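Paired with chain B in one complex and with chain C in the other, chain A is shared by the two complexes that follow.
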Partner chain A sequence: MRESLLTVQDLRTYFFTDQGVAKAVDGVSFEVNEGETLGIVGESGCGKTVTSLSVLGLLPEPPARIMDGSSVRFLGDELVGADEARMRNLRGNEISMIFQEPMSSLNPVYSVGDQIAEVLRVHRRIGRKEARHEAVRLLDEVGIPAPDRRVDEYPHQLSGGMRQRVMIAMALSCEPKLLIADEPTTALDVTIQAQILELLEELSVNHGMAVLLITHDLGVVAEVCDRVVVMYAGQVIETGTVLEIFTEPTHPYTRGLLDSLPSVTDSGRRLNSISGTVPNPVHWPQGCRFRERCPEAGDGCEEEQVLVALETTGRSSRCFKTVPVNLTGAG
Partner chain B sequence: MIDRSAPPLLEVRNLKQHFPVRRGAFGKVVGQVRAVDGISFDLWRGETLGLVGESGCGKSTTARTVLRLLEATAGMVWFDGEDVRAMGDERLRAFRRRAQFVFQDPFGSLNPRLSVGAMLEEVLHVHDLAKKNRRGRVVELLELVGLRPEHLDRYPHEFSGGQRQRLGIARALAVEPDFLVLDEPVSALDVSVQAQVVNLLDDLQQELGLTYLFIAHDLALVEHVSDRVAVMYLGQIVEVADARDIYDEPRHPYTRALLSAVPRPDPVNRDSRERIVLEGDVPSPVNPPTGCSFHPRCPHFGKDAQCKSEAPVLESTRQGHFAACHHQGTVVEIRG
Partner chain C sequence: MSDRSLAGRRRWRVVSTVLPGLPQVLMGRWGAGWTVLLTWLGCLWVVMAHYERVVGALGGGWDQNLALGTLVVSLTLAWTWSWRDVSGSDESKDVGVSQWDLAVRAFSKNRTAVVGLIVIIGLYLVALLTPLLAPYDPTFQGDLITERYVGLSATHPLGTDNYARDVLSRLLYGARISLAIGFVAVSISVSVGTLLGAVAGFMGGIVDAMIMRFVDIVISFPRLVLLITIIGLFGSSIFMIVAVLGLTLWPGTARIVRGEVLSLREREFIQAATALGYSKRRIILRHLIPNALGPVIVAATLGIGNTIVLEAGLSFLGLGVQPPTPSWGTMVAVGRDDLLGAWWLSTFPGLAIVFTVLSFNLVGDGLRDALDPRLRT
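== the complex of A and B ==
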């Protein structure tokens, strides 16, 4: 089989704090194939953002530490333990990232054109004039009206949606093969969110760019993703195609999440909620980490659960009650 | 059941809230932010009215003005037959006992230095309630919102987001109000916890006969909790109708666009769904567009001369369904 674009295997990122060791990411495996959009979905504190930051080596060590045995391979190259020069070259060039709050990722004292041009001059080593020209073209590509005027504006002069477009233009500037988007639309209004999601979809098709979308919003996942990884308490608890996850969820947590969504089309008077709250990463529960909140918990749940591959390719679940066809542990 | 033949609990008429824009060393007023620009609605006892719209549309300002946390620029607010804007100190105090506010950020609105028990007792003390048995009443309140008596001596930082929001609700309920303004009460919470709080609010409404003004930007959530929904755009209500109606048969192009922009957890139909992606951003309320304030972004009638020059008013096309659009009949036809 061909190697995936990005392969994460048994990633464990721990934080060494005064309160103890927080196992924020605790044995996460998944892969992103070329050109696909993979969604990582989960509630706050499930480790989805730490996973993405670990991929790019963006976490400060200490307190964070990527533990031995973790592996992140990009086109076959191991990134865990790679030197800073290699990582610098990779970031922006081959893998780009956009964040939730574009205002805090943009420098307030430089015009957006200067900031995009800087990326181009560093990574592509092109001249000042050419870089500016390219910046205007990129702003145009991400749908900013009057790009030749906007290029000289400062971040505070732009609306939230426009700022996110600028971030995307910057991320695209080196034609990356993978874009990591961490809650890219969470801070935006729905109509603007729809614009940005449409833009991301369009760009990923036009450039053959894979997208790793990190979000808490199941609606967003359903709209744009091809495959989905559901995380809970630092682990992957279910994977599958977007259709499989939404139409035949196997893990009780995934089912609980879907049931707790109010829906526009069907307004049953009562929402099914999941009782309790997300556990503390310093003391993950023993056995199945969802056990205390699980409506189906029973005998066997006190055992540590492994991610088991299900009959369909690419499907897996971390609940022993979902009957696996072959018992090969997938991570 | 909601009795709509009885007089409404809350009546709002042509309410305006304009904030001056000042510039220069002497603070010369150079313009007005028309945060709320002439809105009217009624709210009956036991009813939940959802107020939706994007950030900056004036939904929170509306709520604050209704409760007189901000003095209105113009318009009328009647609560249970009494003019809220004319109330003196004493009447206002009585009004505030009956009308309470629950904020979005439960952490920002709880005093970090007061234990839960002390915080709730303070509310009772200020309003001179439950003099004989304050502790007992506090325990009762905690139980009402699904917390336990042993939480009494804890501080806000010891609670999770969902529990903090329960505290915010307990504090609002301490004075036995009839009316609660819920300003994005679950937006800061995770979905699994969101559902718990929504269910709690539902139970409390049944049990205590409360009336809610529910403000949120999440349309699916608003539809779920509301009896009627009002959609706001640039300081005005553009459509108001029964929750079912507004989702099944939206009349205003903005409502339709807003509904179609909500990401749905339904990948099966994602390619067949009608999707309207609006262009551009919400215009500034300092300098709103002429005519219909939505016309520059309207996908259907942006070029229409009447839309550019004449502001539409809320008109009813059928029982209880109002929309402010010159072409509301046509919109339905286009939808086919």
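== the complex of A and C ==
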């Protein structure tokens, strides 16, 4: 079988703090195939962001530590424990990342053109003029009007949506194979959100670029993703295609998430919510980590749950109750 | 720049050719206008009043040639700037408005600070042009019997001292010493302090701890005692004073920069810079330091004023610049003995110190307001 673009296997990222060891990411596995858009969904504090930062090795060590046995492979190359020079060459070049806050993700003292040009000059080693030319072209590509004027503007002169577009232009400048987007639309208002998502989708198709989209917004997932990984308490609890997750969620947590979405057809209904909050990563509950909040908890839930592959390929769930009896090949 | 544009007005260009800066002054852009106008008029006056000396300087020593160079450069700069501004050739000006542009705008609205800046620019020009401006050599002694303690007069505008030397000439040459010491010492301390502070703040951990403990050691050392010891060991020279002041003043800057960097480090654009694969060196030099520069510039400006006072104090105590080299501190110290009989000896250098330091403090305060986005309205 061909190797996926990005393969994360049994990733464990622990934070060694004064309060104890916070197991923010505790054995996460997934893969991103070339050109596809994978969504990672979950509540705040479930380890989505830490997972994405671990992939690029961006977490400060200490306090964070990627534990032995974790593996992150990009095109067959092991990234856990790779040396700093290799990682630097990878970041922004082969794997790019965009962040949640476009307001503060750009350096306030340089014009946007300079900032895009800098990425190119660092990774491509091209001349000043050529880089500027390329910056204008990229700004045009991400849909900024009058790019030859905007290129000289400073971040504080641009709106939030514009800045996110500039961030995308920077991330795109070296034609990366994978773009990690950490809640790229959370800080934007709804109309802009849709535009940015459309842009991301369009760019990923045009450039054959895979996107790892991290979000807590199932609406966003439905709009752009091919496959979904649902995370809870530092673990993957369900995987599947968007259609499968939305039509036949197997894990009670996923069902809870879907239930708390407002519905167009059923207006006037009180919105459901999942009671309680994500438990403390220093003391994950014994057994099923969702047990305390699960409406269906009962006998057997005090057992540690494993991620089980379901009959359809690429489908898996971490709840023993929902696993059909005629399962093929438990994982 | 668009609201009060002077662009495209022919008469302004004509005025600007003869008196650069005047259109800007008349249009209410005081800071830029006065600076250019005064620079231009001052330089012009030097050329007219000291024509022989200016021409003679062509064959003179290095300081005279430096002075001549300053003259030519400032005349050209003032003229070109004013002309360009009036003719409005720079169209892209209102497209990219950087943080610095905003700060410059905020600063030029602060009248007192602008006056301070004009005084400082004037002082530095005077200091550079001293060989052409000063009526006498600073160490030239007149007739000791008839020309001692001459009061204010046409030949000696600020009188003469106990060795029959011209006070004005000594004052002007003293400006060179004081301003140069202030500038060089602060340059050293700012460069060292910024670099060490940024490295400490960004790297954290053991590097941070080592650098900051070193800072604590340097700060806890009494500067005066250190100076007296070093001067006692190696003798007093301007180089020594600059070196000691420069190498004892940097911890303040280092602390400021470290504090700034600690908060900047958590900002997302620094994280983004790491995610773009930039090296640590690039992040520190190109992304952290420019963002931490605001408070450094303020501290540096106030620091120059501070250093000038320090140098004057050292010279007053006899530890600084040694006679017969003129320095404001020494002049105040020497004139103190004759204060009742010849008041001008101490008064003028004293006033010079006060006004210089006051100007630096005014500019420093103005910069603090202009560079702090929270205070900007």
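Note that the second predicted complex is superposed on the first by the 321 of 331 C-alpha atoms of A that agree within 3 Å, B and C clash if a C-alpha of one lies under 4 Å from a C-alpha of the other, contacts with A are read in each partner's own complex, and residues count from 1 in each chain.
In the analysis below, a residue touches a chain if its C-beta (ideal position, glycine included) is under 8 Å from a C-beta of that chain, and two chains touch if they have at least 3 such contacts.
Given the structure is predicted, the values throughout are model-derived calculations rather than measurements.
If you put the two complexes together on chain A, you find that chain B and chain C both fit without a clash.
Set side by side, chain B and chain C differ in how many residues of chain A they touch, and the one touching more is B. Of the two partner chains, neither chain B nor chain C is touched by A:Leu310. Of the two partner chains placed by superposition, only chain B is touched by A:Ser275; chain C is not.
Using the contact criterion defined above for the overlaid structures, shared-chain residue A:Val211 touches neither chain B nor chain C, since it reaches no partner.
In the overlay built on the shared chain, the residue A:Ser111 is in contact with chain C alone; chain B does not reach it. In the superposed model, A:Ala233 makes contact with neither chain B nor chain C. Of the two partner chains placed by superposition, A:Ile66 touches none, neither chain B nor chain C.
Once the two complexes are laid over each other on the shared chain, residue contacts for A:Leu58 go to chain C alone; chain B is not touched. Judged by the touch definition given at the top, the superposed model places A:Gly161 against chain B, while chain C stays out of reach. Across the overlaid complexes, the C-alpha centre of chain A sees chain B and chain C at an angle of 80°, to the nearest 10.
Superposition on chain A leaves chain B and chain C with their closest Cα atoms 6 Å from each other.
Shared interface residues of chain A, touching chain B in one complex and chain C in the other, do not exist.
On the side of chain A, the complex with chain C involves touching residues 56, 58, 87-93, 96-97, 99-101, 104-111, 118-119, 122-123, 149, 152-154, 156-157, 167, 170. Contact residues on chain C toward chain A in their complex (touch as defined above): 92, 95-100, 267-269, 271-279, 282, 286-287, 290-291. Chain contact summary for the complex, chain B toward chain A: residues 54-55, 160, 162-163, 190-196, 198-199, 202, 217-221, 223-225, 243-244, 247, 257-268, 270, 275, 277-282.
By the touch criterion stated above, chain A contacts chain B in their complex at residues 43-44, 145, 159, 161-162, 189-195, 197-198, 216-223, 242-243, 246-247, 256-258, 260-265, 267, 269-275, 277-278.
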